[in-house]
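Okay, got some structures for you below.
Next come two complexes built around subunit A: one with subunit B, the other with subunit C.
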Partner chain A sequence: MYLKLLISGLALGSFYAIIALGFSMIFGVTRVFNLAHGELLLAGGYVAYVACERFGLGFWPSVPISVLALTLLGVILYRVFRVIKEPLELNTIVFTFGLVIALQNLFLIFFSADYRILTTPEWSTTIEIFNVSFTRGQLTMFLTAFISVSALYFLLRHTFWGKALRATIQDREAAGLLGIDVEKNSILAFLGGIALVGLAGPFFASFHYIHPTGGIEATLIAIIVTIVAGVGHVRAIIWAGWGMGLLENLVTTMLGAAFREGVTSLVLIAILLYKPCGLADNQ
Partner chain B sequence: MNRKSNLRLGLLVCILIISFVLAGCSRKPSHEFIRIGEIDPLTGKLARHGLEIHEGILLAIEETNLKGGIKGKNVELVTRDDQSLPEVAYGLVQELVQKEKVVAITGGYVDTLVAVISEAARKSEVPYVAAASLQEELTKTKNPYFFRISKLSGFLKPVERFLVEVIKPRKVGILYASTPGSTEFATKLVEFLKIKNIQVPFQEKFRTGISDFTPLIIKMTRYDLDFIISGGFLPDHLLLIRQLKQNNYPLKGYLGPWGIAYPSFVSQMKKDAELLCSTCAWNPGITLPGTEQVSREFVENFEKRFNKTPSTTNMHGYTAAMVIIDALKRTNLDNNNLKNDLRNAISATDLILPMEHVAFDQNGDPLNYEHVIIQIQNGRFVCVYPPERATGKLVYPITD
Partner chain C sequence: MKVITLTLHLHQRFFPKVLTVTGFILLLFLVPLLAIQSSFLLQVLSTSFLYAALSLSWNLLAYSGHISLGHAAFFGLGAYGSALFALNFDTDPFTSIWAGGLAGALLAAFSGILFARLRGAYFALATLALVEIPKMIADNWVSLTRGSLGLLNIPPFKLPLINANSNLTIYLVNLSSLTILLLVVALILNSRWGWALRALRQDEKVSMTIGINSNFYTLITISVSGFGAGICGAIFAHSIGIIEPGMVFSLHYSALPMVMALFGGRFSVIGPVVGSLVLTLLDQFVFQPIFPAGHQILYGLAIMITILFMPGGLMGLLGARKHGITGS
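So, the complex of A and B:
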């Protein structure tokens, strides 16, 4: 039983990490506090839903379509964000709150208020690795989160662009003084972050469900995981996600589902009191 | 430059003020119409069901106007969106009564919203007929202006009888959402099952909207349950059912009183929806005996108007609006105390509609609201209980 719980907790945590990656990257580099993160994720989910249900494409072909669609949307959004004046964090909250309402209404017009779910029957099949059974869905979630985080980590740690980007995350002004093109890095990070949102959309539509006002859940998950991990700490996102997934499953099993949110929130508050800048912060 | 900007700003403000004044004038209530107010969650997390109720109400009003209105006067529907927020709903009652001069209010989905609307209606002394409300507490307050066409026992009693008479389980598992209606439903069902010596070894409350039921499913596997009752809503069933399948749970029987008997649920779940049970008060193929013709007409008119098949929630909206329309027909519209007369007329309602024979007790609760048990068979809703209304045979257990 505990092995099953461990696997389902890791799968849930991987799902949380996939949701949070794009938010963390955008907030870390561009300081845009994107309250519409969940709605953009839903947009990716709806694109995948249309690709699958209307055009008969499978889940995997719908993923690059969602990534591409969101990246294009990201180009438009970035142009708008550039116009926003200082204080950037505060003004982007107001702007993205407006974006939340606009997107919710657009979803309502184009997709009605119905709940939609991407059916992936192949994910229900069980596979066995070293005498441990997984569903294909759990394994997919785990591998996608692991590969995405590893690839992003490699990019940030071992490439010149990645190092420049990290310098931008740590101190924009100092990075600029050192000759790093902060503006260019911001565009690339923003589009990269939005592309990650596009990657998460189809997973959200399949592992969860989508409906016009369902973005708030995803935004909250992204904010919590990012804060617990520490802003800009990509590798810590997967640890934070797994930690949350395992904790939620453990509380549900030991104490009951009614205690899930309460106990998890208390633990998160305790972590932030002990480590205010997130788990990955060394200070 | 600054002066120019100030002038432009001043001009803009003047234009805005004039526009608001003109808009206000054009919205003055007309005496040629009887105005009925509607408050529903048309946006926010409950929008899906709020919009369905709205469609039902709209159809009832349009049908009435097509037939010549009430005593020669057309009915005008004044709709307001509470955004699924109780604090918004409260203020809308005052606006509808004082500004829009409505004679009655209808709509409302879930008790958190219905409760505040009913309280505001009591203060404004305007009759309120709620389209979807369950909690027993709400009618215990003896609010003379509050009526509802649904109640919790309408779901609970048929489920209790179905379990005892048909399923005869040894062990039942109960999952329920942390909403007032679902919690009350689960609490009462557990009490009943204990009296009948049916074990309930597994009962869990969950927050509606959670992503992962796997830990609960793992817990359930310990108990060899004969039947699962899940008091969640449509999205919860979408996930729970799929995760039960993914975890190869040996499901013998599953009933969700809310959210399963909907065409959209079947279209999303496809074959995973097969053989699940639910309750329903009405559906295109399931109607109160003797109302088949009226039910068919409703379905035809609805399909023509909205280009889709009506659901039970649409019918709840339609029924609530028809109660007010019927009462208005029995009221002297020129009376100075119209709202009070209308309240009396509603309390004396005796109206047979496809969903129920509507009549109210002294607390405003419906006397005859009762669901039937349906099972999804080949993508269709088949009534399996009670026997006198059954249109097919129950398949149980599922996994045999």
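So, the complex of A and C:
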């Protein structure tokens, strides 16, 4: 029983780690406080839903389509975010709150308020490893998160480009002085962050029922994980993501699903009270 | 010397504006006489008055530089407070709305103390999360609130000579409360209190060095703001007659006051009212017929356009920014 909770919590946590990594990369290079993160995730989910249900593609072909669609959206968003004036964090949080409302209503117009899910019947089959039964979906989630997170870790820690990117996150001006192309790095990292959301979208739609207002909780979790871990700290983000996944699973089992959003909000408030400077104070 | 010219400047600008606004409000009181047949217009206008009052409450707090994404918490608690008071003590709605306002003010004061160290985006984030807590309580304290079934049979407003709960009653109640709130907010913003808030918004550290007590002013401002939002929620509950947690503690009532105040112009006293009138009419008469499902896309677009192209909102375009003390 507890082992099962642990496993599904880790699978969920890996998923949280991916979306928090996306949030962290976007915030790190552009200082955009993206409150519409969960809605972008839903957008990826809906794109995959259309690809699967309307055009009859399978789950895997729908993943690159979702990534591509969101990256294109990211190009537009990056241009728009560049126009927003100081104080950047506050203005972008208000702006992206507007984006939340706009996207939610676009989903309503195109997909109505129905609950939708990507049907992947082969994923509910269970596999037994060491006497513990996983569903195939949990295993896939876990592996995808593991692979993408380790790839990112390698990129950021062991390549020159990753070093340049971390420098950009830490201090834009100093990085520019050292000859790093700050603008190019920013665009690449922003699009990378959005692409991660596009990767997570189809998974989100195959685990949860998606509906137009279902994005806000994912946003709050991404923010919690990023604040706890610190911007751009890949390993810490994975730990924090797993922590949130386990906590959510525990709350759902002990108290019931009705308390999940409330507990997420309480956690966010507690963390903000503990770290009033939020993302700014992590070095 | 500078103070005197500033005061003169203020009075020259202030009095013609007061006359215009008073005239406009009197005109609105006359609308029912002309348009009594068109009950849809009355309904839309009443709604816009309620939103205007909510936006005014929100904007009072925003004057101090604190952007709240959680006024639904105060609105919803006001709705529940007033409805429960009226149902359990069998009182008149005009009495119980004060209980609703008080409930909103208490939660606001509590969050003001709790979030005293948070600024900017993090204050906004904390208020966004705050909404879930009263919602969770209202959803799960079934013996008091009936949980997600909601409260039914909330008593309607009754005015002498008018049918109970008619559109006209709600219109008059909403317009009167908007007028009173506008008066209160205008008095606050044109007093030392208001200037303290403007100073705090522009530079908190400098304001504190000239003796403005940041914590005190923020606390009383958020309490009054929560009181206003609570009253709005209470009025909403008695006009609709039925409330449930998901309905009043929704993102909708956190977003609306912000959209309308920003769009109308958050650096002007009357801006939120202008924003509410324009956006509600636009929503109900243009967007609703075109996109019946997602007509609230208007509000999202309005925020984005305001942030990108007109930081002073509509009133800013009309020249209110020339007034000088506008700030970030």
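The working rule: the second predicted complex is superposed on the first by the 243 of 283 C-alpha atoms of A that agree within 3 Å, B and C clash if a C-alpha of one lies under 4 Å from a C-alpha of the other, contacts with A are read in each partner's own complex, and residues count from 1 in each chain.
In this section, contacts are C-beta pairs under 8 Å (C-beta built on N, C-alpha and C of every residue); 3 or more make two chains touch, one makes a residue touch a chain.
Please read these numbers as outputs of a predicted model, since none were measured by experiment.
Novice: Looking at A:Gly262, would you say it contacts subunit B, subunit C, both, or neither? Reply first, second, both or neither.
Specialist: It touches subunit C, and subunit B stays clear.
Novice: Between subunit B (first) and subunit C (second), which does A:Leu108 come into contact with in this model arrangement: first, second, both, or neither?
Specialist: Touch partners of A:Leu108: subunit B and subunit C.
Novice: Once chain A of both complexes is superposed, is A:Leu272 in touch with subunit B (first), subunit C (second), both, or neither?
Specialist: The answer is second: A:Leu272 touches subunit C but not subunit B.
Novice: Tell me the contact category for A:Ile117 with respect to subunit B and subunit C: first, second, both or neither.
Specialist: After superposing on A, A:Ile117 lies in contact with subunit B but is clear of subunit C.
Novice: Could you look at A:Ile93 and tell me whether it touches subunit B, subunit C, both or neither (first, second, both, neither)?
Specialist: second
Novice: Once the structures are superposed on A, label A:Val80 by its partner contacts, choosing first (subunit B), second (subunit C), both or neither.
Specialist: second
Novice: For A:Trp161, using the defined touch cut-off, is the partner it touches subunit B, subunit C, both, or neither? Pick first, second, both or neither.
Specialist: Neither partner.
Novice: In the superposed arrangement, does A:Leu5 touch subunit B (first), subunit C (second), both or neither?
Specialist: first
Novice: Figure out whether A:Glu248 sits in contact with subunit B (first) or subunit C (second), or with both, or with neither.
Specialist: A:Glu248 sits against subunit B, while subunit C stays out of touch.
Novice: Residues on subunit A in contact with subunit B in one complex and with subunit C in the other?
Specialist: Subunit A residues touching both partners: 104-105, 108, 112-113, 213, 258, 261.
Novice: Within their complex, state which residues of subunit A touch subunit C.
Specialist: Where subunit A meets subunit C, its residues are 33, 35, 80, 83-87, 89-95, 97-109, 112-113, 213, 216, 220, 223, 258-259, 261-262, 264-266, 268-269, 272-273, 276-278.
Novice: Help me check something: in the complex, which residues belonging to subunit A touch subunit B?
Specialist: Spelled out, the residues of subunit A in touch with subunit B are 1, 4-5, 8, 11-12, 15, 104-105, 108, 112-117, 119, 123-124, 126, 135, 137, 207-209, 211-213, 217, 245, 248-249, 252-253, 256-258, 260-261.
Novice: Residues of subunit B touching subunit A in their complex?
Specialist: 43-45, 47-48, 50-51, 84, 178, 204-207, 209-212, 214-216, 218-219, 234-235, 238-239, 242, 245-248, 264, 268-270
Novice: Please output the residues of subunit C touching subunit A within their complex, sorted ascending.
Specialist: Residues 67, 69, 114-115, 117-122, 124-126, 128-133, 135-136, 139-140, 251, 255, 258-259, 262, 291, 293-297, 299-304, 307-308, 311, 328 of subunit C touch subunit A in their complex.
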